[in-house]
Each structure stands twice: as structure tokens, then as C-alpha cells.
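Both complexes below contain chain A, partnered by chain B and then by chain C.
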Partner chain A sequence: MPVLEREGTQVWRRRTTGESMVRWFGWLIGVAVFVVCWQQISQSTTWFFVWDAPRIAGDIWTRATPPRWEYISKLGRPIWDTLNIATLGTLIALCMAVPVAFLAARNTTPSALFIRPVALLIIVSTRSINSLIWALLLIAIIGPGVFAGVVAIAIRSIGFCAKLLYEAIEEIDHTQVEAITATGASRWQVMAYGIVPQILPAFAGIAVFRWDINIRESTVLGLVGAGGIGLQLSSSLNVLAWPQVSLILLVILAAVVISEWVSAKVRGAII
Partner chain B sequence: MSHRELDDMLGKGWRKPHFIKRTWLRWLLLFGFAAYMVAAVMTIEVDWGRVYEGLDRGWQFVLSFTRPDFISRWSDIWSGLLESIVMTVAASVVGILISIPIGLGAARNIAPLPVYVICRGIVAISRALQEIIVAILLVAIFGFGPLAGFLTLSFATIGFLSKLLAEDIEAMDRVQAEAIRASGARWMQWINYGVQPQVMPRLVGLSMYRIDINFRESAILGLVGAGGIGATLNTAFDRYEYDTAAAILILIIGIVMALEYLSGIIRARVQ
Partner chain C sequence: MLRLEKLTKTYKTGDQALKAIELEVPKGQVLALIGPSGAGKSTMIRCINRLVEPTSGAVMLDETDLTRLGSGALRRARREMGMIFQEYALVERLTVMENVLSGRLGYVGFWRSFLRRFPQTDIDEAFRLLDRVGLLHMADKRADELSGGQRQRVGIARALIQNPKLLLVDEPTASLDPKTSRQIMRLITELCRERGLAAIINIHDVALAQMFVPRVVGLRFGEIVYDGGPNGLTPDKLTEIYGEEDWEATIQKVEGEDEIEAAE
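Up next, the complex of A and B:
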């Protein structure tokens, strides 16, 4: 127990002297790094704009209120598109994530040496690139529109779904699989009766969870031209139509809240 | 299962139980889903000619991963990447520091009701607003540059971390905290010795995870002018310089992988 000698009595301390020195140095380095980073940011900032910011914010606020409510009649189709991008994207992603997950899980992969690393690479690379970047890329390849958005969301979601799913597959109860194998079931039958029923609740949960995230992401995909309500947002921003912008932001906020509510309800019902 | 039910089942073949047990609900969901799918697929316009033309370009892009071009635009890539990292570090530090008190305030078993409501409100606002939308507004207010990106990421970190921290505090073991309080500790000491040791491992893990997310997000903030590598990437796509784009994407994936590996080590050490 680390103690401190003071006036002949021992006082309890949480750490030894060496430990606190190491911690102190860690903090010092951390603070130094932060200060350097802050300086970098500060150098490339026009501070005049920052001091002016409250006035500008107030100005934007007065321009943006009240929202232009009648514009909502033009938002029906974009919202429908946004919903489709999220839903179809999630479905395609799930179809592709399932095989990837089975190939990536240690207990179901056909070859831990060759196939598993490839599956893990697919998971990492699709997961670490944001859907907006995928959308940018796909617009260059297949042209702007809702379809590019669907594919962007699908690719982005593969990694996420596959990662959660393969962790679920690795955590299954092995006795059930053995019991099915002992009845003389083939590899596919073991899959269908031993593994799938165990991961089905996790699968449904992941699907709804990702759908919720995808609704959020698809609302902004339009900023780069991939369809949905973001397209309206970007055109309104470009012509500085702030009352329309504020209405669109309210609609997006409502969509996000509703999708989160739906997802929480469904997950609550499944688990 | 009663005797009668078991007797009824004798001599009949076993069938897999359905995932959704109520028959009408199952069919309703199935039909609703099919109807939605038809409607959704009908309304998506896909210009297959354009897609077919684009496949060639897509293949070019895939090929460019085999010969990424780090050199010809290296100074742009380097400055963009550095800005992304600087933004990530600064925003993570500030975000984590702010989210700790808000997380404490958003835990019902620690905070009084008014504080709880205010902190939960902050968390809800921060979570409902998309990073990219916040970035657009902050760029409009503070001007172009990494300051807007830094503020966006800090704001997003607060919502994410405070919510999860608060949930962890609410799930903590009361006994330890009460023991500290019974020894006559002041409020700060109570938090420091009774609450903090219990939530620290999770806080460190979540912080590492958030740093990872912040870096990935910082890669897209450049699209709306909030600094970071996104602007360089966008330019590379616009100029069809796929080799440079591939180089940037490889760097992003590499850094994300390194961060994940690092956070795995740190989390294993802390827990």
C-alpha cells in the first residue's frame, strides 16, 4: 500500500511516487500536444470572423425564422427518396454482410489463414470510409442520383453490420452446434439449425440499428448530389434561402427522432 | 408444454418455429414489406446505360488502388492530413473534458432533477444534429477553416460520450459509492473515489473509440469547408485523379486501422 510519511505517521495515498511521476509526465505530454494542435488551428483561423460570430449568428437566425412552411409541399418526394436510400441500402448491405460475417468469424470461416484476413479487410475498409466519400466516388462512377446514394449507404454499412454480426457468431453457444452435428447434419444444416437461430435476434437488432443510422446519413447524402432531402438542403443553401434551410433542418430533425424511436421500439420488442 | 400438447405432437414431423410467432403479424409484416419494396424500387430511376458506362471508370478506380500516387500531390495530402489529425486531437480533448461534467449531470443517480434535465437536453440536441449539418452552420458563422471543424467534432463528441458515460454511471454499483460517502467524503471526493474508479475503464475505452470516429468524420468535414483532408479528396475526385484519391483513402484506412489497434491495446491494459 503506498503511504506518505508525515510527522511520524503514515498517511494513505492512492499511488506510489513513481506512479504519480509517470502520470504527471503523461499529462505534461498530453497538454503539450494539445497546445501545439490548438496553435495550428489558431494559425489558420481568421480571428476577426470569430469575434464577429455572434452578430453573424444573430443575423442568420433572423433570416432563418420563421421557416417557410409552404415549402413542405415540395419535400414529400425527397423524404420518400431519403427513406428509400436508407432502407434499400440497409437491405443490400445485410445481404452482403452475412456471407462476409460468416467468413470472418473464427468458428465458421473455411480458412483462418487466407479467407479470414480478406473478410476482415473488407470490413475495415468499408467501415473506415464515410458514406459521403463513397457517395462522391459513386457519383463520379455511376452518375448523380438516388441509386448512387443507395449503393453508397450499402457499401458503408457492410463493414458495420458484418463486424457486429461476426462478433455475435463468435459468441454463440457451441453445445447446440455440436448437438446438431451429432445428428449427422450436413454443414449447411448445421448452419441453418445450429447457428442461425442463435444469431437471429442479434441480426434483427443490428439491421434496425443500422437502418436508424442510415436514415441520419442519407439525409445529408444529397449535399454531394446523391439524392434525398440533402439535395434540397444544398440548393437552398446555395441560394441563401435561409427560411427553407430552417424548414429542411426541422424536417431532418423530425426524421431522425422518428427513426430513432422506431428503432428503439423494434429492438425493445426483439430483445 | 403440457402432456396433451406433447401427445398431439407425437408422430408428426418437427418444423422450425417461426421468428415472429403471431401468424397475422407475420403475414402483415411480410405483405407490407413486399408492397413497400415494390413502391420503392419503382420510384428509383436508374439510368442503366450511364451505370454501364461508369463501370469502366469504376474498374479504373479499383485498379488505381494497386498503384496509388502519393508523390505528385504529397504536399496537399500532407497538409490536409495534418489538419485532420490536429482537429481530431484538439476536438477529442476538449470534447472529452466537457462531456465528463455533462455526463455526471446526465446520470439520474448523481444529479438533481433540474441539472439532469438540462444535461439530457444538451445530449439530445447534440445527438440529433448531424455532424455535417452542424459543420455547415458553423462554417457559415465562423468562416472556412479548421476552427469550424474543431467545434463541430467537439460538439458531436459531447453528445456521444456524455450519453454513454451517464448510462455507465447509472449502472454502477451503489455500494462502493455509499461506502466512500459513509467515510465522510465531500462531493468531489465521493466522485473521485467512489464513482470515477468504477467508470474509468469504460470511459477510456469510449474515448478511444470516439477519437477513432472523430478522425473518420474529420475526413468529410472538408467537403463543406470545415478543414481537413476532405477538401483534398473532393478535389482529387473532381479532377478524376483516382491515383491520388486512392492514396488518400489508403492513408485514411491505415490510420483508422492503427487507431483501432492502439485502442485495443489501451482498452486491454485498462480493463
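Up next, the complex of A and C:
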């Protein structure tokens, strides 16, 4: 009881004495664990390399600057591929995520006992594996190239989009659905009139948000051979062509900045 | 026209919301359903069009028992019952016109409704109704741009375009100011008279109910404890419905408001 009676006045405290002791003890354990971990990591670190890091970084910086600007003529096509991987991947993912989301949402699923767990499994399994790993798998299956990248991005995005979308579906105002049902509308009409208008802003927001993430993800897909600008990045890294690497990083930065700007504009327009 | 026979609803939690309700509503009669919160008023009207499934008993609309209908027949039966909601329940992101036309969904196929290609007769009727409720100039506005009273008018138009025999009205004025409440109640009762519609109106405001309807049904703990004219609601009766309270003021207020009505 946080309220104590003391000399006739009621004293209120946030926690009882016992509770605050427990909390202090918890903090003590936390700090102790931190100190022990620090020591462990420190023992297994070769500190020479760490102290050496600023010099190496400075060395790479001098090698990488100035960027090799004329290399940009070779980057147009790869960055275009990267954008296409992201955009197509997002579109495919959205097409697949919509039905999954409706099957997963508690208020629209046809069967909470059988179908909903399957939909949730699809969401969890596609979400939990990184697109780089999907790309590695898909390159083995369908061979290297842009297509493997598109599919990798699409699969990786299904879970993300479906999860956010089904949460939006579960949060809709139920009375609007009731009102449409009461007119004698069919199941599909209730969906088109009662549910879709309510989740449309969320859907558009999720779509541009995921597209924005996918542009960043697709820039690295080339590292494993799934097309796009990452391919140039890995080959430049392999031959230690630092001026090219710095130019590629600049191009990626520009692409990401532009995509963030576009998605911020689109989201602003919707909400 | 509408007859409830031993209508019972028991929720999963074990709460008995309705206990063997017997009620008959003749064609064209408007009745008010009063009672404290939790008395089962909303449950009762939702059991009639089966937005809530009744546990047992029958709902006879003309000679069909609505509780036995399959999903297709239930949808056709729902077209006969227009519903008006407390929080208006308009689809906020659609326009006023789309909201009104959504009342025709039971009559129009999926693709026509999806592509918004409603029959011209429906569109004509929608314009007529919008004109009748005084919102013709708002047809292209989005529903979330409207005020409470205007939204409820759209809700009324949506219910009426179904061409129903019966209106189920759930707390139409609970979210509105006193003046708008009266206008909405007046509009609903007028429209029912014009079209010969029966209506069941759930309402909190006893004075408002007494002002506009010829028959009042009092519900308490899922049972009908009063059924009669508005003038029969004596302090004793109100105590029976709602519990102990000084009711003189409520009844006084009615007379006072009648005078204002007359003065207007």
C-alpha cells in the first residue's frame, strides 16, 4: 500500500518500501552484468587494431577523395535497375499482402481457428528473413540478376505490409461496417464500402513507407549478385577502387534522399 | 407488422440482455424505447435485423421469421429495415452522395456498386431525399466535413433510400445539441408519417420521446416494464424503469417545452 498513515496525516508515495528495494536491486544487477560484459568484450578485442583505426580511416578517406566523377556514366543503368527492383518488388508485395492481411485480421478472417494462423505464419516467416538472405536463396533457384532481386524484395515486404495493414483493419470503426451490413449489402460490398475506405490512407502510407525502405534494401542486393548498383559496389570494393566506391555511395545517398522526400510528400498529401 | 415472440439474448458472458421480449408493432406506428443504459435497448433493435444474433425466440416481419433466414434471405430482409445510428455511422471518407447511395447496396450488384454505377432511378431518389432533408447543396462534400446534425440527416437519407417498411433508430440524438435533437426527431417522425413507416426509436431523453411519439415502451434489465402512451409516464412509472429519482422536474420540463413548441 503506497498510502501510509503517519502521525494522523496520510502520506502517499509512488512505491512501497519493499517495491523500491526490489527496483534498486534490479538496477544493481543490471550494472554488474554490464561491467562483466565490458570486461569480456575487452579481453577478446585486439586493441592494436582499434587504436590504429583512425589512421586507416584517414588513409581510406584520402584514397577515396576526390570521387571518380567520370565513372557516373556507368552508374545510370545500375541505379535505374535498383529503383525498378524496389518499385516492382513493392508492387508485387502489396498485391500479395492485401489478401493475407484480410485473412489475418481478427474481424475479417473467415476462420480464426485455421486460416488466421496460416496467414500469421506467412507474415512472420517472410518478415523474419532478411532480403539479402532471400536473394542468396533465390539466386541459387532462379539464377543471378535483377529478377532474383525483385522477388527477394517482394517476399521480404509481404510480411511487413500485411502486418501493418491487418493492424489497420483491426482498428477500423466497427459501426460503419455495421451500418453498411444493415443495408443488406453482401460480404464483398461490406468490404468495399465499410472497410476499404477506412484503411485506404493506412494502405497508401504503408506502400510509400515500404517503397522507401526497399530502395535502401535493394542497393545492397547487388553484393550477392541480385542486380542493381550493389553489383558495381562489390566489384569496386574487390579491386580496391576507392574513388569509385565513394561515387557509388554518393549516388546511393542521393537516391535515398530523393525517395525519402517523395514518400514524405505522398504521406503528407494523404493524411 | 413486426412481432417479437419470446425474443431472448444471452451473451457469452452469461448476461441476459433480453428476457423473452413480447412486442407487437403495427404498420406505420412510431414507438420510443426508453430505459437505463444496459437495459438492452440497443441489443433489442440489433436482434431485429440480426446485427446481433438472438439466442432464442422469433422476430416476425410480416409473416417471415427473420431468425430462421439464411444469409441471402437475411440480406433481402435487411433491405426492408432501415437503420439509423447514434454516432451516425457514415463512411467518413466517402461523399454524402456515396453514403446515401450505400443504402441501395442490397439492391445493386457488387461491380455496379464498386464502380459507383448506380441505376439512374436510385440517383434521382438520392437527390430527392437529400433535398427533403435539406442537404442537396452538400451532395459532393465528404461526410467528415459535415456537422453532427447534417451527418444524422445523411444517415436518415441512407436509411430511407432502402425503401424500408421499418426504421430501427438507435439513439439518434445522443450526440446532438438540444435544438438539433428536436429537429432530427421531428424529421424522423415526419418522414415516418409521410411514408407510413413503422419505427422503433431508442432514446435516452424521456422528455424528447414524450414530445414526439404516440407510444412508449420502457425496458429494464431486459424486460418490458411499461408499454403505453407518453402521458402515462408518471413519476412512479419512471422510478420503475430507471430507479429512484425525483422525476417531477423531467415531467415539468415536458410541459414547459410544449409551450415553447406552441410559441414557435
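Here, the second predicted complex is superposed on the first by the 240 of 271 C-alpha atoms of A that agree within 3 Å, B and C clash if a C-alpha of one lies under 4 Å from a C-alpha of the other, contacts with A are read in each partner's own complex, and residues count from 1 in each chain.
The rule we apply is simple: a residue touches a chain if its C-beta (ideal position, glycine included) is under 8 Å from a C-beta of that chain, and two chains touch if they have at least 3 such contacts.
Keep in mind that what you see is a predicted model, and the values were worked out from it rather than measured.
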{"item": "Which of chain B and chain C A:Ser125 touches, first, second, both or neither", "value": "first"}
{"item": "First (chain B), second (chain C), both or neither touched by A:Leu137", "value": "first"}
{"item": "Chain A residues touched - chain C or chain B, whichever exceeds", "value": "B"}
{"item": "First, second, both or neither for A:Ala185, with chain B first and chain C second", "value": "second"}
{"item": "Touching partner for A:Leu4 - first (chain B), second (chain C), both, neither", "value": "neither"}
{"item": "Touched partner set for A:Tyr193, first chain B, second chain C, both or neither", "value": "both"}
{"item": "First, second, both or neither for A:Cys37, with chain B first and chain C second", "value": "first"}
{"item": "Chain B versus chain C as contact partner of A:Gln176, first or second or both or neither", "value": "second"}
{"item": "Which superposed partner A:Ile258 touches (first chain B, second chain C, both, neither)", "value": "neither"}
{"item": "Footprint overlap on chain A, where chain B in one structure and chain C in the other make contact", "value": "193, 197, 200"}
{"item": "Residue ranges of chain A in contact with chain B within the complex", "value": "30, 33-34, 37-38, 40-42, 44-46, 49-50, 53, 56-57, 60, 80-81, 83-84, 87-88, 124-125, 127-130, 132-133, 136-137, 140-143, 145-147, 150, 193, 197, 200, 204, 216, 219-220, 223-224, 233, 237, 249, 252-253, 256-257"}
{"item": "In the complex with chain C, residue positions of chain A that touch it", "value": "173, 175-176, 178-186, 188-189, 192-194, 197-198, 200-201"}
{"item": "Chain A partner contacts - residues on chain B that touch it in the complex", "value": "16, 19, 36, 40-41, 43-47, 50-51, 54-55, 57-58, 61, 82-83, 86-87, 89-90, 93, 128-130, 132-133, 136-137, 140-143, 145-147, 150, 216-217, 219-220, 223-224, 227, 230, 233-234, 237, 240, 245, 249, 252-253, 256-257, 260"}
{"item": "Chain C - residues contacting chain A, complex", "value": "49, 51, 75-79, 81-83, 85, 87, 89-94, 102-107, 110, 113-114, 155, 158, 162, 168"}
